[in-house]
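Order of writing sets the chain letters: A, B and C. Residues in each chain are counted from 1.
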Amino acid sequence: MDLSIVWESLPRLFQGSLLTVEITALSVVIGLALAIPLAMMRLARNPFVWMPVYAYIFYFRGTPFIVQLFLIYYGSGQFRDALDAAGLWPFFREAYFCAVLALTLNTAAYTAEILRGAIQAVPHGEIEAARACGMSRALLYRRIILPKAFRLALPAYSNEVVFLLQTTSIVSIIALMDLTGVARVIIARSFEPYKLFLTAAVFYLVMTYAILFAFRKVEHWLSGHLRERPSAEKEAAAAAEAVALR
Amino acid sequence: MFDLKGYGWMLWDGVQVTLAVGVCSLAVALVLGLFGAWGKLSSSRLARAAAEVYTTVVRGVPELILILIVYYGVPTLIQDTAASFGYDIFVDLNPFLAGFLTLGFVYGAFATEVFRGAYLAVPKGQIEAAYACGMSRALMTRRILLPQMWRFALPGLGNVWMVLIKATALISVIQLPELMRNADIAARAVRLPFTFFFAASLIYLGITAVSMMLQHRAEAWANRGVRRD
Amino acid sequence: MRKFFTALAAVAVIGLIAGAASAEIKKVRIGTEGAYPPFNYIDENGKLRGFDVEIAQALCDAMKAECEFVVQDWDGIIPGLLAKKYDAIIASMSITEERKKKVDFTDKYYNTPAKFVQRKGAGHKIILEDGVDTVADVSKVHLNKEGLKGKTIAVQRATIHENFLRDTLGDVVTIRAYATQDEANMDLVSGRVDLVLADSVALDDGFLKTEAGKDFEFVGPGFTDRKWFGDGAGIAVRKDDTELREALNKALKQILADGTYKKINDKYFDFDVYGG
C-alpha cells in the first residue's frame, strides 16, 4: 500500500490537532467554571433558581451536539440584525467563537449534572461535622463539599473530557480546520478517504489516552490517603456509572 | 412561531428514519455488548484481549470519524482485497446500513461495560447454588443469570439508547435523510436555519423525554418483586 | 410509516454482484449532489430536480437504460464513485487534470466561467486590469493581492474554486470551505465572509436571482483558466469503465443532435450553457 500521502500530510494533521486541543481546553476550562455555580443552583430550593438551570441542563443533554452547533452558527444568521444592534454580531460572525460557545454550553450542562451527583454523594456526616464546627455555608462549600465532590466526580469527569475531545470533531462541519477538518480538506484533493481518516483516528486515540493518563495521575495523587487494593466489583461499578452518567 | 413553509412533513419523515436507524443500532449494540462482556469476563486470554482492543479503540476515536471510515473506506477496502484475489465484486454500504453498523459498533462497546457490570452484580452465591442444584451451565444462564442481569443492566442500557439516538444525527453527514439532514435541507431551501434546527432540537428533546419515561416504567417492571429498602 | 419501511427495506441493498462483462448497459446508478441549484437540488417535495438531473435522465433514455439517482455530498462524491456506490457522477463536475488522475470523464456537457460575488457596492477589486471580461490565463493578468489581503472568501469544499483560491490567493486571503454552496452563500448573506467564488450560473440562478441574493452582485471577470477550471463540466466514471464512458458520450452526442439538450437548456437558462 502506498502511504506517501499519509507521511506528506502529517505536519498539516498535526497543525489541525493543535486547534482540536485548543478548543477542547478552552471549552473544558470555561465549561467547568460555569458548571460549578450551575450545579449549586440546580440544588437550590428556590424553584426560580433551580428550574431554569434544570431546563438548560435538560435541553443541552437531551439534544445532539450537531444540532446545538448549527443552531448557534447558522441559526444566529437569522437574527443578524438583532445581534448587530446588541453589538454581539462580531462574536457570532466567527466560526471559532460559535464552536467554542456551543462546546462550552454543552459540556457545562453535562459537567453540572456530574457535579450535582457528586455533591449529593458527599457523606452527610462530614457536612454535619463541619456545621457543628461552626462553619458558614460558604466555608462549608469551599472547604468540605466542593473538594470532596471534585474527588468523587473525577472518574465521570474524565469521561466527559474525553467525550468533549471527540465531540470537537463535529466543528469541522462549520469549516473550522481542526484535525477532522484538515483531514477532509486533504481528502478533497487526494481522494484517499480511509488512509487519512485512519491516520486522524490514530491521532484522536493518542490524545484520548493522554487525557485519561493525566486524569489517572491526578486521581492517584488526590486519593493517596485512601488507597487500597483495587477490587473487581468496584471497578465494575465505576465503569457502569461512567456510562450511566453520560 | 413555527412556520415551516411546507417542509414540516420532511421533519416527520426524518423522525421515522431516525427512530428506525436508532432501533437497528441498538440491536447491533446489544448483540456486540453481550459478546464483548463475555469476552471481557472470559478465561481465554485471546477473547479478553480482543474485547479490550474493541472497547479501547471505540473509546478513543470520534463517532464522526468512524462513520466516515465505514461509509467511504470499508467498501473500497473489501473491493480492493477481493480484487487482489482476482474477484471483481461490488459491495455497497448504503447510508442506513453504514450508519447503524457504525453506531451499533460504537455503542456495543458501551453496552459491553453495562453487561459486564450487570454480570458482576449478580451474587456469586446464587450461581454456585444453581450449580449445586444440578443445573447445567445453559440452564443456569437462562434461569438465574440473564433474568437478573437484565434488571441490573436496564438503567445503563436506557442511557446507551438515549446517547445513541442523539448520535444518529451524525449519520446526516453521510446523507441519510434522517431528522437532522432533513432539517438541514429545509433550512437551506427556505433560509430559516434557526427555525428548523430549533424545531429539530425540540423533536430530539421529545424523544429523550419519552425514552426517559419508558425507562422508568421498564425499571419499575423489572424490579417488581424486589424488596425496596 | 411508509418511509420507515422503505428505510428498513433499504437495509437489504447490500449488493454482492459479480461483475459480469455484459455488452448492454441496463442500469446506471448516478451520483449527484442535490444541493447545487439550478443544476441539481432537492425541491419541497423531496424530489431531485435541476439541469444535471434532467440531462442525466435524457442520457439514460438515449441509452435505453434505467437510471437510479444516489444523493452524495460533494466532498465525498469522487470517493463514492471509487467505492462503487454509483457508476457515474452527473453533478456539474469540471473536467480537470487533477481529477483525471483518479477518474475518467466523458466529453463536456456544459461550460460556464467562475465568478466572485460581493455585497452590492462593497467595491472589491479582483484583478488590477480594467475592462477584462474573461480570464483564460491567470498568469496574463494581475490579481489584486494587495487589495484582497485579509479578506475572507467562501467556497465549496473540494471544488475547482477552492483549488484555484488556495493556489492563487491562498497566501493573502482566509479561505472558508463549506460542504455545500448554499452554506457558503448563507454566510455571505450573514456577513461572515466578504466574497464567494463559484460557478457564475450557479451563483446567478441559485443565489443572485433569489430573494436572499438581492443585495449582492458579481464582481470581477469570469475565470476559465484551464489549469484549474478545466474543460467544462463532464460526467465522471471509474477508470476501468470505458464501456459506460463511451455509451454516455454516444448518448450525449445524440441528445445534442436531436434537440433534447436544447429543450432542457431552454427550460433552465435564457442563454446557451454548452459554451464554446
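What we mean here is this: a residue touches a chain if its C-beta (ideal position, glycine included) is under 8 Å from a C-beta of that chain, and two chains touch if they have at least 3 such contacts.
Small disclaimer: the values here were computed from a predicted structure and weren't measured.
Least step count on the touch graph, subunit A to subunit C: 1. Judged by contacting C-beta pairs, the busier of the interfaces A-B and B-C is A-B. Note on chain placement: the centre of subunit A and the centre of subunit C lie 39 Å apart, centres being C-alpha means. Taking each chain's centre as the average of its CA atoms, subunit A and subunit B sit 22 Å apart. Separation between the centroids of subunit B and subunit C, computed from CA atoms only, is 37 Å. Taken residue by residue, subunit A touches two or more other chains at 74, 76-77, 173, 193, whereas all remaining positions touch fewer.
In subunit C, the residues touching two or more other chains are 76, 79, 82, 183, 186, 189. With touch defined as above, residues shared between interfaces to two or more other chains in subunit B number as follows: 72, 76, 173, 193. Touching subunit B in their complex are the following residues of subunit A: 58-59, 61-68, 70-71, 74-79, 162, 166-167, 169-170, 172-173, 180, 193-194, 197-198, 200-201, 204-206, 208-209, 232-233, 236-237, 239-240, 242-244, 246.
Only residues 75-76, 78-79, 82, 98, 102, 157-158, 162-163, 176-179, 183, 186-187, 189-192 of subunit C touch subunit A when the two sit together in their complex. Residues of subunit C touching subunit B in their complex: 1, 3-4, 7-8, 10-11, 13-19, 35, 41-42, 44, 46, 71-73, 76, 79-80, 82-85, 180, 182-183, 186, 189, 212. Contact residues on subunit B toward subunit A in their complex (touch as defined above): 57, 59-66, 68-69, 72-74, 76-77, 110, 113-114, 116-118, 120-121, 155-156, 159-160, 162-163, 166-170, 172-173, 180, 183-184, 187, 192-195, 197-198, 200-201, 204-205, 208-209.
Subunit A meets subunit C in the complex at residues 74, 76-77, 80, 89, 93-95, 173, 175, 184-185, 187-189, 191, 193.
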